[in-house]
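Lettered A, B, C, D, E and F in written order, each chain numbered from 1.
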Amino acid sequence: MVNKMNIVPEITRKSITHLINNEERVDGRAMDEYREISLETGVISKAGGSARVKIGNTQIMVGTKPQIGEPFPDTPDVGVLMTNSELLPMASPSFEPGPPDERSVELSRVADRCIRESQMVDLDKLCIIPGKKVWMVFIDLHILDYDGNLMDAAVLGAVAALKNTMIPEVKVVDNEIIIDHENMKPLPIREEVVMCTFAKIGEQLVIDPSFDEEEILSARLSIGITASDKICAMQKGGDSPLTKEEIMNAVKITESKSKELMKYLEC
Amino acid sequence: MVNKMNIVPEITRKSITHLINNEERVDGRAMDEYREISLETGVISKAGGSARVKIGNTQIMVGTKPQIGEPFPDTPDVGVLMTNSELLPMASPSFEPGPPDERSVELSRVADRCIRESQMVDLDKLCIIPGKKVWMVFIDLHILDYDGNLMDAAVLGAVAALKNTMIPEVKVVDNEIIIDHENMKPLPIREEVVMCTFAKIGEQLVIDPSFDEEEILSARLSIGITASDKICAMQKGGDSPLTKEEIMNAVKITESKSKELMKYLEC
Amino acid sequence: MVNKMNIVPEITRKSITHLINNEERVDGRAMDEYREISLETGVISKAGGSARVKIGNTQIMVGTKPQIGEPFPDTPDVGVLMTNSELLPMASPSFEPGPPDERSVELSRVADRCIRESQMVDLDKLCIIPGKKVWMVFIDLHILDYDGNLMDAAVLGAVAALKNTMIPEVKVVDNEIIIDHENMKPLPIREEVVMCTFAKIGEQLVIDPSFDEEEILSARLSIGITASDKICAMQKGGDSPLTKEEIMNAVKITESKSKELMKYLEC
Amino acid sequence: MITIITLGTNIGAKSREDGRAFDELRNLKIEAGVLERADGSAYLEFGGNKVLVAVYGPKESFIRRFQRPDRAYIRCRYNMAPFSVDDRKRPGPDRRSIEISKITAEALQPAVILEKYPRSVIEIFIEVLEAEGGTRCAGITAASVALADAGIPMKDMVVACAAGKVDGQVVLDLSEVEDKDGQADVPVAILPRSGEVTLLQSDGNLTTAEFEKALDLAIKGCNQISEVQKEALKKRYGE
Amino acid sequence: MITIITLGTNIGAKSREDGRAFDELRNLKIEAGVLERADGSAYLEFGGNKVLVAVYGPKESFIRRFQRPDRAYIRCRYNMAPFSVDDRKRPGPDRRSIEISKITAEALQPAVILEKYPRSVIEIFIEVLEAEGGTRCAGITAASVALADAGIPMKDMVVACAAGKVDGQVVLDLSEVEDKDGQADVPVAILPRSGEVTLLQSDGNLTTAEFEKALDLAIKGCNQISEVQKEALKKRYGE
Amino acid sequence: MITIITLGTNIGAKSREDGRAFDELRNLKIEAGVLERADGSAYLEFGGNKVLVAVYGPKESFIRRFQRPDRAYIRCRYNMAPFSVDDRKRPGPDRRSIEISKITAEALQPAVILEKYPRSVIEIFIEVLEAEGGTRCAGITAASVALADAGIPMKDMVVACAAGKVDGQVVLDLSEVEDKDGQADVPVAILPRSGEVTLLQSDGNLTTAEFEKALDLAIKGCNQISEVQKEALKKRYGE
């Protein structure tokens, strides 16, 4: 459960807005500039794959766990991706222990759709026995430190963790599954995907909102885009509307900024 | 969770009671008169069977879902009926979202017993593979608008929805169940059942209490009765006792009023 | 959920502490003296085994239920013990209905470890089909009246109930399990175990703390010990530390007092 | 501190599985004041049923939902121990226990002089330690004794008993086996002084005449049990 | 009290599984004021979708989390009836309904003059009685009518509609089958007067050009549906 | 900003699965001040364990249960990440984590000067990112550093370490494999200045002599780890 407190005082709100209307930001960034990004992979040995991502002071640990399970009845021949996020109370005084609240649900569902619809993981190749057994890959987003823009960090970390994920070879002999832990192979990955999030503050759109900027934004727009510039996910949030022009403008910026984010995934 | 607020002011309580002690009701009905009843069936295509029932302004949507499942261990050769009710927050400011509270549990359990004990559905015929697979029929009572007397509306709607329910033919070949969705047949129905609910207000028993009458009743008595006049369910509620004479009097009235209610099930 | 209220007033705290510092207790007991203990077994016919234990006014009903289930994946060839406790609201105004709180969880986990690690029940003999089917024995601690020292009462009652537990003979024929309810045999029991709990109050350690003593203790130490003097469980509680000397002193007393407790298990 | 009583007269009708006459109760004993911590308590054995009841209050209610400006609120929790039935029951409330808790509170309420304690709550905890048919009636009967043991002022002591139909015959106080194989079960609670009914359920198939017979028989059983309640209190408190 | 309307013009493109043109809406009817107890309500059928909405408030908010010092708080609960989908849905909120409830509240909020009711709450309950693709848009569209029926002052009536890509073609208002087999779905809500967007999601694979086309088509659909909303209110309240 | 240390001396006893001497700790590093939002934080690696701790407070407590009139209340939440163990752990508290949270709070409490902050709460969040045996001790050790990093006044820095019995031999600091195959595990926390014990559990079979040996060994291990705690704070704050 979350107590959404407006912890940014009115005066801060005004000064941030005033700056942004003059195309300046408190931390000196440009309107379309990300904070410093760092990405480490393979940090948790017991995970199938893992990544620690930082965007500014926002920090997320992502771990994957591949396990064998049953497919969904309506998609019997493909593997399953499951994305879960925990807004740990460690990460912010506004996050409280307990079942996922609506912010956590939205975060994990948007990240899940972005990855799923990008078709980044070739789920067809994760089928073991059609209709009976498939690989299920759990993606757990563990939010450690919250300084705004969880969406982009979540997708970046999840994609890096998936690229880092190894699964054992399996054979099916006489309807029994033999798992060969000696022979590990990477998940079948196709093209990558990233997400770019914009905040509308005053009359401007800024990319990668910090905590303070998120607290005062009037609208938010997150756009998921693949390496080949397919828009695979989009989610508007916030209490105010956006014009069509603002939306298409954000799409344009996403096309160029996504290239920058993709670079972190190369390492 | 429910906040049971006494939203009927003291003055209304007195005037309703005064009227009833003179054998009059606020809405002009006789002591043993139902409000206007309407019953439509087959309203939800995706349900196995459905009914929308109105008694006065009280409105319930009932849908059934037959599905194949395992029998209870102590009754391995018969099908299963499961009744669930949702006192939707839509229906009344006193209903709140969350797990079923005691009012909702009582409603669904009384309706369930009334239908089960009437033996209206021939559960023996819903066995597919003895001890292994049977038809389970879920009956979901969706309370849309609450203006008193949910019990009678729930039973009326559930019976109509069950009569409206179609299940596919099934064959068992080599221990596999083949479901033939082309050949649908109605649920095996025996005699029908209805429920009549009485409120004790002042010194009188009135049938089909409205919301205002329910708020001020001292005792409530619901009686389930079959077409052949078997009493199959009974449930007293409320904070005050009833005399044996009042109970037997209610049973007598039920014998005659049930015939009226049965007529709505013919259509 | 528990409202831990300090219901012992300051003056009582001072007088109890003062007495104990002079090696006296409110109820006249010696520092290392238990209250009156009573233990009845076989009191619940429907349980596999049962015991009603009283230590002073503290009263617990313990019932066991053996049932056939699947082993844990990491111990495929041994039976399973499951210990659950309910701090019933009946037992104390500070116990509230709802899911187990931390006190209840600690009680059942410490009792569970004490019994499990003593290897009192020969779990190897509870395997039916290796890796597939084993006996699972549920131990339910039903706390009826709370007057302090639940730990020792829980272990005493659980051990008595396990000794009282009968399971049917089972045969495996053609991979089917045949349960012979005519031939009941006791659970395979090895050496017994008891637990002794100490409270630090003022400068002293007292055994078997009463409710009032528990309310004012600064530290608590529970020690599980087998008939052959193996220490099989230990749990410190409370807000203050203990010295090594206090701990070893408690172990010494436990070695001798445990013999007294064991006697109740003979009957 | 134990009262044992065997009631009823076998008048030659078809014999029941446990040999009782149609109007014969199972063995019954009630003991008052069996718990230390509770304000009032009672332990009851009725056939194979074993039921323990604790009462706390009246005490100040801190929960708005359980507050009435002009009277005390009765909060009741009926609970079955995991080992009380053949297959282990999972701990915690289920739909059955939620319904029984509700109707038990309603059954007891008319006897208690609630107006004396506005804004307060009286808590009744019923623990079924072993179940053998008829636990809701056993719980109500024991709860009345526990309320009295707690010193809560009452107009009368509610008492409960079921009648039903087994092998086509209306009989008193169904055992677990009879309830399972029978055609109907009618649990009833009454205020013995006025004979008024505070709990009434009916589950099964009965003609009007059979229902009336069952109701009469249950009321007769209630009156017999009422004497055992009074004995239990006398045993504890003297005349 | 029922309004039926068929919109769109088939301009010769590849035909859809139900025969509609690429820019054709499914049959739509909206009725305002269908519930007694709620402060405002609306019933909507849209293709095979059946949605009922109730509005309560503005009323005093007792829950701190749902209180704002300077304006009303909109609380929305989107819920699917167990019988509304092919396989019975377990009652209670799931992750999908939690997300839809959140974005529905955000979609409606910009239209409501919240400043008029500080510290109060407006509750919107959306019940999907039958689902056939596009229930979140149907819910938003119906909720606006229910808000108006409750007499809540609004700057405009939010209206929602989806567009998407099926068989490589951008089409309006995907049915359940089209949503399942299609390549993308773009639900949109707008304030019709300003054309501003209050809900926007996109799920699937679209080029920028396709996305813009889908957005334009959805906005066009919204404007058509807006007329039906107005009709429904006229039917209830007159001109 | 990282401190690595290898402790212990191999004195010729039976060798352990990872080659350590009976009184040798696994590799340990502790870093203070690793999170932005929290008031204090620490990151610890101990063998294969990776633990992160955040501290918030002291701050006003709004929950009555977590309020003491004369002192601060320590609330602790020990949690394992789903990916921290071999088989994915379902998110949320289980019985094990509830117990560890309780005894961790009790272990830390004696060191904190709680009287300075009546009616307030200090929250400690322990996240196990990877588990390899001994996470409860690792959590306590890291939590002390995080408390110091938060500037909370303490009499001493609690430090924890386990000893146990493996292959019949009493050894220090059991790894995951040793814990699984071993005969006993004794986690201990102490106040290093006084040597007093604030956490003590024992799980397995030990004679009195073996227990005493394990306790002594664990205390010795604690004292070694205590030096690493101090180093970590020095690294962050200087001498």
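Observations, loosely collected:
Here is the rule we go by: a residue touches a chain if its C-beta (ideal position, glycine included) is under 8 Å from a C-beta of that chain, and two chains touch if they have at least 3 such contacts.
Computed from a predicted model, the values in this text were never measured in an experiment.
The chains that touch both chain C and chain D are none; no such chain exists.
Chain centres were defined as the mean of their Cα atoms; on that basis the chain farthest from chain F turns out to be B. Between chain E and chain F the centroid-to-centroid distance comes to 53 Å (mean Cα coordinates, whole Å).
Centroid to centroid, with C-alpha atoms defining each point, chain B and chain E lie 32 Å apart. Between the Cα centres of chain A and chain B there is a gap of 48 Å.
Residues of chain D found to touch two or more other chains are absent. In terms of inter-chain touching, the protein chains here make up one closed cycle, each touching precisely two others. Moving round the ring of chains, first from chain B across to chain D, one meets them in the order B, D, C, F, A, E. Residue ranges of chain D in contact with chain B, taken from their complex: 64-65, 95-96, 98-99, 101-103, 106, 109-110, 186, 190-191, 194-208, 211-212, 215-216, 219. Of all the residues in chain F, the ones that touch chain A in their complex are 35-38, 48, 50, 52, 54, 56, 77, 79, 81-88, 91-93, 123, 125, 127, 129-131.
Residues of chain C that touch chain D in their complex: 43-48, 50, 57, 59, 61, 63-65, 67, 84, 86, 88-93, 97, 99, 138, 140, 142, 144-147. Interface residues of chain C, counted against chain F in their complex, comprise 1-4, 100, 102, 105-106, 108-109, 113, 117-119, 221, 226, 229-244, 247-248, 251-252, 255.
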